[in-house]
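Below are structures written as structure tokens.
Okay, so chain A shows up in both of these, paired with chain B first and chain C after.
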Partner chain A sequence: MDRTGLGKALACWAVFGIVMCLLPFVVTTGTLRVFIFANFLAMFAMSWDIISGRTGYISFGHPFLIGVAGYTTAMLTYHLDVPLFLSIPAAVLAAMVAGTLFFVPALRTRGTYFALVTLAFMELLYGLTQVVQPKITGGTRGLSGLPSVVSGAVPNYYLSFLVMFAIGIVLWLIVRTRIGTALSAIRMDEDAVKSTGLNTTKLKLFAFMVSAAVAGIAGALYVHYLGSIAPRGIFEINFLFTILVAALLGGPGTIIGPIIGAFFLTCLLEFLRPYIPGTERYLIYGLVALVLYYYAPKGLYGIITWVLERVGVIKPEGAKA
Partner chain B sequence: MTALLELRNMTKKFGGLTAVNEMSFEVNEGETLGLIGPNGAGKTTIFNLIMNELKQNSGEILLQGKEISRLATHERVKRGIVRTYQVPRPFAEMTVASNIRVGMMPDDLVLMISEPPDTAKEREIGKAVGFGDRELAMYPSELSMGDLRRLELARNIAADPKLLLLDEVFAGLTVGEISQISDLLVEKKKQGLTYIIVSHDLRSLAPLVDRVVAMSFGEMIAEGSFDEVISDEGVQKAYLGH
Partner chain C sequence: MALLEIEKLDVFYGKAQSLHGVDLNVEAGKIVGIIGPNGAGKSTLLDTVLGLTTRKGSVRFDGRDLAKIAPAKVVSLGIGYAPERGNLFPFMGVRENLLVGAYNARDKIDENLRMVFDLFPVLEARQSQETHTQSGGERQMVSLGRALMTSPKLLLVDEPTIGLAPKVCLDIAAALKKLNEKMGLTIVITEQNVNFAMSLAQEIHLLETGRIRLSGTPDELMKETHIKETYFGA
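The block that comes next holds the complex of A and B.
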């Protein structure tokens, strides 16, 4: 990206940041709570995107990472009264360590096998949290009454947005470097990347550690926002699919796409609620996702960039080289 | 003098089929070697073994006298061996310039993040294989087969190799494209680049190689100058079947 392109992109980030910061002044508390969920979903989707969207290693086990972080901070604060400024970093570290221990061996597999192995880890943790030491994990009911980082809709909105915004910018800056190019190349042809002299295991491990760290931060903050954690909430298959659909709908491998996807998806589901109050809403979102995948596989981000290229706001990708 | 690359008694079996049987040969620094033989002779398998894309059942590979059989593919590339593929394997969703960028990347995460891409060098490498700014901005899907072969060469040259393995670089090319690639390889040969080239196009191969090794059914059947090998009775029999 040239300097003009970078300037325009940073201006877009700035506008997005300002608009989002002004939001509490113009919307109701109820709408704000919807946006809090959108912020968390954006973090989860970006976490998924940095490993799966970029390298093509499709993870079905991200709730595993979110769950490890969530349960770590929940158990530390609930049982040991560990302050949040210690329990949350510990939770992030736990997600990264657990991810390394369990998922890195899975990186030896590819394609469907990697997806299935990661799904198995999620199911494994779902089972373990219910039966192993239920006094500590809270068993099937989980743990509730967890302390919150801040209280009230507006402070929680600003907290979730600022963390999401910071993560978004950091990840966006990372993928703009040559690491982003190398990770994308892995998705296209991993053997060809090896034949250029790059250690793909090291690159995937880096992407995975970043992904686990983001999942850990988001997961820990999420459970403290909710004030509770339960296996059925974290390890539910719909939770996993919502993360995946948000990333895919927005535009995989782009970091910005998952943010767009998360806001689009959350708003779509919430605004459909008055008309379709039951879970039938998911049929509509499934339909929207299907139509988008079919006609615009690069997601909403692809549509937006296509429009901006046509009106001359940005240069086509090839012209930048 | 120590050979740049030496293969000693290399054997590769696929179940009951012996694809490469006790093959030994060497290539010296600055030398260009042709590897010929009919389809299924084991030429590409030799390249796959050299790059660790396949593991040999027995035998040794030495680079400048040091055994490299235990090294991973990327470590062999870092020591200076690179290859092209029979069917070009570009990064399809990247421009030609970005493809070259991947070839130039250091295998160091910190440098990858902290240093911006060297676009001037990308242009220089592109220019060396005949790509102008217009081609550098194109995607592989917009390139001809000849351009794709040149792109692979550019990506390989970007890695600053000591030894280049060229697998059927003339396959699927027009006469004009063969001439372009051939001129490029002659130029690289003059610059002192060592390469091993596999090709069925013997006429195009002749001016490019100092020496030729002929294979059939996984075994070496002849070795020598191009004319010696081509006139060898065993080689003619392998190619013509009589």
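The block that comes next holds the complex of A and C.
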């Protein structure tokens, strides 16, 4: 991206930031709560995107990382009264340690096998939280009455948005560096990356650590926003699919795409709620996802950039010179 | 002392042995051709030099044993590799593909880019073009360029003419000759196209079923009945 392109992109980030900061002045508290969930989903989807969208290592066990962070801060605050400014960093660290567990199978497997191994991690933690030391984890009912970081819809909205916005910009900048390019190259042909003298192990470890840190931050803040954590809420397959669909629908490997996808998906589900109150609305969003992914594999981000290229706002990338 | 010394090299893919006791020395400043049919072990030999396979035997580069050295480190020691069919990153532009090769020679990026664009001017005009939209010849040029971006002392080129038009083969040959004669780059090239290898290399080795069958200069090998019958149908 040249200087003009970078300037335009930063301007887009600034406009997005300003619009989102003004939102509490124009929408109801109820709508704001919808956007809080969208912010958290965007963080989860970006975290997934760094591993799976960027390096091509498809993770089906991302809630494992979120759950490790969520349970760490929940147990520390619930049982030991550890203040949030200590429990949340501890949760992020725990998620990063969990990220290294994810990384070990990535040294030997990829594709379907890697996806299944990560799914097994999630299922394992799902089982463990329910049966091992239920007094500590809260068992199947989980832990509730957790302290919140801030109270009220507006402060929670600003907190979730500002953290999501900061994570988005940092990740977006990372993928614009040569490390980001190398991570994309791993997705396309890992052996070719090795043959150019790049240490793919270190690069993947970096991606996994960044992803785990983001999942840790988002997971810890999420449980304190909800005020509770339960195995079904975190490790349910619907939660995993919502993260995956948000990233894929928005545009995998782009960082901005998962943000767009998260907002689109959350708003779509809320828009459908008055008409289809039950879980049947997931069928509608599944259909929308299917159609979009079939006709626009680069996701909503691809559609938006295509439109912006057509109207001349941005220059086409990868065009024939 | 040879720049690359390979001694008693055995390579295995699981239980299947692909190379059997291969001995090969590559002197600095030479172009060495490895010819042979499909499945002879040519690509395996180059992959093994880079450390991408499981092996027994010794591979030394510039006096240094490459056993237990990771491929990334091998490249940083001065071995550039242009694999068969390029193995490019299809949804990246030409320039990005070249820059992925530049991580080990970050201080020479501009200099190496200039060298690649001088060698293949068509790439300079198409820097932003994604490589999946390029012709086979252009992709081969990007592959060679990416290997050159590592500032190699030894360039390994795996079947560069596969599927290419005769005119493009000549362009590739001219570029490799220029790299060897003007820049003193040592090149090991594997080829099924025996004519191409004979026209380019100063020393040829015939690899068949994982064993070196014949070695010599192109003129010497052209006199061999086996070469004449098998590769020229004489």
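Keep this in mind: the second predicted complex is superposed on the first by the 313 of 321 C-alpha atoms of A that agree within 3 Å, B and C clash if a C-alpha of one lies under 4 Å from a C-alpha of the other, contacts with A are read in each partner's own complex, and residues count from 1 in each chain.
The rule we apply is simple: contacts are C-beta pairs under 8 Å (C-beta built on N, C-alpha and C of every residue); 3 or more make two chains touch, one makes a residue touch a chain.
Since we're looking at a predicted model, the values are computed, not measured.
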When chain B and chain C are modelled together on chain A, clash or fit: clash
Comparing the two partners chain B and chain C, which touches a greater set of residues in chain A: B
Partner chain(s) touched by A:R178 [first = chain B, second = chain C, both, neither]: both
Touched partner set for A:F206, first chain B, second chain C, both or neither: first
Partner chain in contact with A:S195 - chain B first, chain C second, else both or neither: both
Set of chain A residues, in rising order, touched by both chain B and chain C: 178, 181-182, 184-185, 188-189, 191-200, 317-321
For the chain C and chain A complex, residues of the former touching the latter: 50, 52, 70-76, 81, 83, 87-93, 96, 99-101, 103-104, 125-130, 133, 146-147, 149-150
Partner chain A, residues of chain B touching it in the complex: 51, 53, 72-74, 77-78, 82-83, 85, 89-98, 101-103, 105, 107, 109, 112-113, 115-117, 136-139, 155, 158-159
Complex contacts: residues of chain A adjacent to chain B: 174, 177-179, 181-182, 184-185, 188-189, 191-200, 202-203, 206, 317-321
In the complex, chain A residues that touch chain C: 178, 181-182, 184-185, 188-189, 191-200, 317-321
